[in-house]
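Chain naming follows the written order as A, B, C and D, and within any one chain the residues start at number 1.
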């Protein structure tokens, strides 16, 4: 059994890591840390995880006994902690934004803080794009939730130079806002409501642009909406064709790109991807494959923001780092209905 | 007191007409018809409308005693009924799609049936655009719910030749699907889910195109999503500027266009329009007013699909037809929270 | 026009008072106070109330120019403010718990604080029970939300000595917890969940007991549940018959008790009262009227917790205090669906 | 690998059996039958179950190649099918009500039909009460969803002669109504609503009474409520003590009864069981353990109605029948949040 530890295990992503790792066939959890809940049994914070025997501790990053460490720490905190863990020889999957950018200036612009770790580079942890790089990495920067859904829905379009503009219109469940209550997550403000926010300037846009931009000069826009859903991100990607293609050609581009991907499921014709189909699971359902009379391509994707959008993808990255089956511990289906 | 009647009063739009007309200061309801519920008291179908004394009857269209008749009948049925009502001298507000199109062929293409009423033309019943025409009309074609939110959010852009492409990404509450249950409206399929549908070919697109197209050659696309909301349509309109303008200029265009409109409220800077703010009311809240670095304009609107998107707007049209205060019976605020 | 003022107008009950009073035919709002939002326009806090011209101020209780003042202030604060208002000659409808108890010791036990106003007594503001007393009052103690639904559903049973034990199992919408976010109201904790709380010791039990107890020695128990609903309290009242009666006799007892009550609607046989039927309205729907083989009576009631359970009932009390039509400004129906 | 088959696999319980059995370490699914969907791949009906290779067929009950057969068939259909399966030597877990009653007359009264299988008797499949009987059985009658939550929450009280009356007030998610849409499950009728139904005469009452009655003459009442939740049953059990006991004694009774039960978790003091803690899992969380001043015991339980209330419990029963680890394939935690 490989040993894993979780730093900052009291939030939703920490809970999800616990939920899935406790039934993972090849790892055991050695430490879960939380400064705030030092000494508290896991189930007091994660009421569904009972009788795990796990208790939060406040060990320092360099005191952990682990092959892989998950840093479920806030942006800005990870860059302080990660170097210390890497020095112990452990590999790291970081769930913050700190190591996602190839260009540090983009990070500093969007996250509004200086990046202090000049030594370590992360590999962008989207296995469907960077599997080979992840295999060789010591530090994986787990992607953001919106970017995971957005990039996977649109990457084949830009890779094949089919479009010159993409508008990502995303709808996210409230768990994406984390475990701490605020006016934004107050039930009466969310239920029976649709709340667009940061409509032209969400920082995940920069992460999406980094990944969808490079091949060609594609204009990428992004607008997120907070919706009355607990888990899940539904992405509608509107793209504009440079040249005419048929919907059959469109579908083939995706089939070719994602051939053999365990977690990506392309919908049949007429099937719409639904959040419930991936709820609680690491699967990504991609559908749409339509082109309207104005030359707009409509692609759709759904993920569970806490799983493929965070902790599940982190475990997928861990599996790759450990050289074990990529889907180990992640084979469960979505919870539909 | 003016006399009004409702044909097809057993659905949600019928219930909404009752809810608001029963407290309208200047009208009385003379007849509510329903073939299915002939003889049944209103509260058996609309459980919130108690002690109104109203009972469904099955009078013929030409037997009604009314100054204005609302036809809350399905597409295809209205064109059979409306001519008979008009012959009685009553004015009509039709809530179906039958009379919304200037070009009958567009109707026939999108509704898949022949239009059999070659005599009567409807005025498109969006008072903010066509108030003067409505005043003189005998037949008002009440707009669709999606088009109301979409057109009002984007009309100033096309009127002023600012954009060459608009993508309307709309999210609708489930009451828009009507009172009859189906797999589409089954609670476990809707709750905690986001369901895009007819993603490149919803027939309301043609109605939106009719109204946003005419000024210039603007490409208009539309994708609706069914969301876990009872009432309301939230519209995010992504448009692409032909020439650079500032956000101040953008706002001024809207302020000028909607100056003096009772039901349209433009959000302050930083305010996001929320469905709850207009829930149950005839108000439209419009916000956004942002431009991103790719030249995309983001506009937002919210309406209650059953009120401004249907029955409230129908009453607004009735008020105009009757020459009384346009907001009579429609002054109530949204139900927030 | 009568003049009214609202102290503590920034919460949900304040917003509801505004929503309804702004369309009330016989009153005008002179002041809305909020220490926190002094100088802020009403719509910044209540986004649905636009163009009212109202701005929060921080006037002292004795500076208000009003015939009736609503104190939408927390428990403990009202008893400090109310005496000062009464000295100005204004009448008061207090929405806190401070003046609801005939026995001050009960208050002090359940609210955990000393009651410092020894001079003024409130009338329990449930018009269906205490209309005559309210007419003559200067200070009305508006009942709690749970007690309103509970008492109205069970009062005829105890008044007629039919039962010796009542178990009130109530389900409340989240707006009852107020406008301030907390872990309890965090969307992911409420949605798709049912949360019982204070299952044997909620302080509203004492208020229910006060009103249902007095006639005979009836054991009254109460368990509330927080449910994924924005507005509304659904009450299921399980009571145990002392002697056998028929369901017809049961129904007659209620019909007799509530004969002529504008806001109370008794369901027909087979009709279940639904929250949506009273959403946003001041109506109470009462149903059930069943007796099972163990001698248990099942009664059901629904109210909107912010309207009949708070602000609507407060306006009903105001109308009585002013000697105007009891339903003035409160005639609107529930928002179904 | 043991072989299992599912008759009537197209409903929610069928989907849940698939979801869990496909990841079960010791069984393989040989057949899934559905007359309606003969020849259709599983994912067309269960969109979350992709690439399973399973296709619905319409084999007859005696054509199945299985060690255990699940009959997820309607009441009345099972009694026709089960005898034929038993003749093949396969064991059966029946998810209908047909074999749950020790007294056939009770079944016939509540299900309104004659019971035609006079040969076979089922064991009531609640392993926590009847594990030894299940081990030896050929036919297990999987309990109803409400009874599972109700019985487990109250059984220790009646077994120990502590109470003389129990009122079960249950709140169920909508998936309990099955996959077929109806007015009852129409989103606008469920969302933001609480719908009590069959308030004194739901047939699950008879099943609860059968299990809680026998020890002593205890009066058992039951009222279900349909709530805006997809999955889960929250049970509040109000019981009345014959003699005073302390809350410590109350808790000990439960700890003793459920000692060693893998799927039953007793909440710590102050912990409320939440639906989300068991969502998608086979666990039962039991809490409450309070006694109010009237001698009322308040106990609470939560289950996932489709798992411990149906398919998970069926797999638990299968595991017992096969003599393998009782929790095999059922170790996953609830999906919180």
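Note that a residue touches a chain if its C-beta (ideal position, glycine included) is under 8 Å from a C-beta of that chain, and two chains touch if they have at least 3 such contacts.
Nothing here was measured: the structure is a model prediction, and the numbers come from that model.
Enquirer: Higher C-beta contact count, A-D or A-B?
Expert: Answer to which pair has more contacts is A-B.
Enquirer: Sort the other chains by how far their Cα centres are from that of subunit C and give me the top one.
Expert: Between subunit C and the rest, the longest centre separation is with A.
Enquirer: Using CA atom averages as chain centres, what separation in Å is found between subunit A and subunit B?
Expert: 39
Enquirer: Round to the nearest whole Å and give the separation of the Cα centres of subunit B and subunit D.
Expert: Whole-Å distance between the two chain centres: 46.
Enquirer: How many angstrom lie between the CA centroids of subunit A and subunit D, rounded to a whole number?
Expert: The mean C-alpha positions of subunit A and subunit D differ by 35 Å.
Enquirer: Taking each residue of subunit C in turn, which ones touch at least two of the other chains?
Expert: Correct list: 12, 175, 188, 191-192, 228, 230-231, 274, 276, 279, 337.
Enquirer: Which word fits the touch map of the chains here: line, ring, star, complete or other?
Expert: If you draw each chain as a dot and join those that touch, every dot ends up joined to every other.
Enquirer: How about subunit D: which of its residues touch subunit C in the complex?
Expert: Per the touch definition, subunit D meets subunit C at residues 165, 167, 169, 171, 173, 188-189, 192-197, 199-201, 219-221, 223, 225, 227-232, 234, 236, 238, 240, 272, 274-276, 279, 288, 290-292, 294-296, 298, 300, 302, 337.
Enquirer: Which subunit A residues qualify as touching subunit C in the complex?
Expert: Those residues of subunit A that touch subunit C are 12, 174-175, 179, 181-183, 185-188, 190-192, 228, 230.
Enquirer: Considering the complex alone, what residue numbers of subunit D touch subunit A?
Expert: Residues in contact with subunit A: 12, 15, 19, 22-23, 46-51, 175, 191-192, 230-231, 265, 271, 274, 276-281, 283, 331-337.
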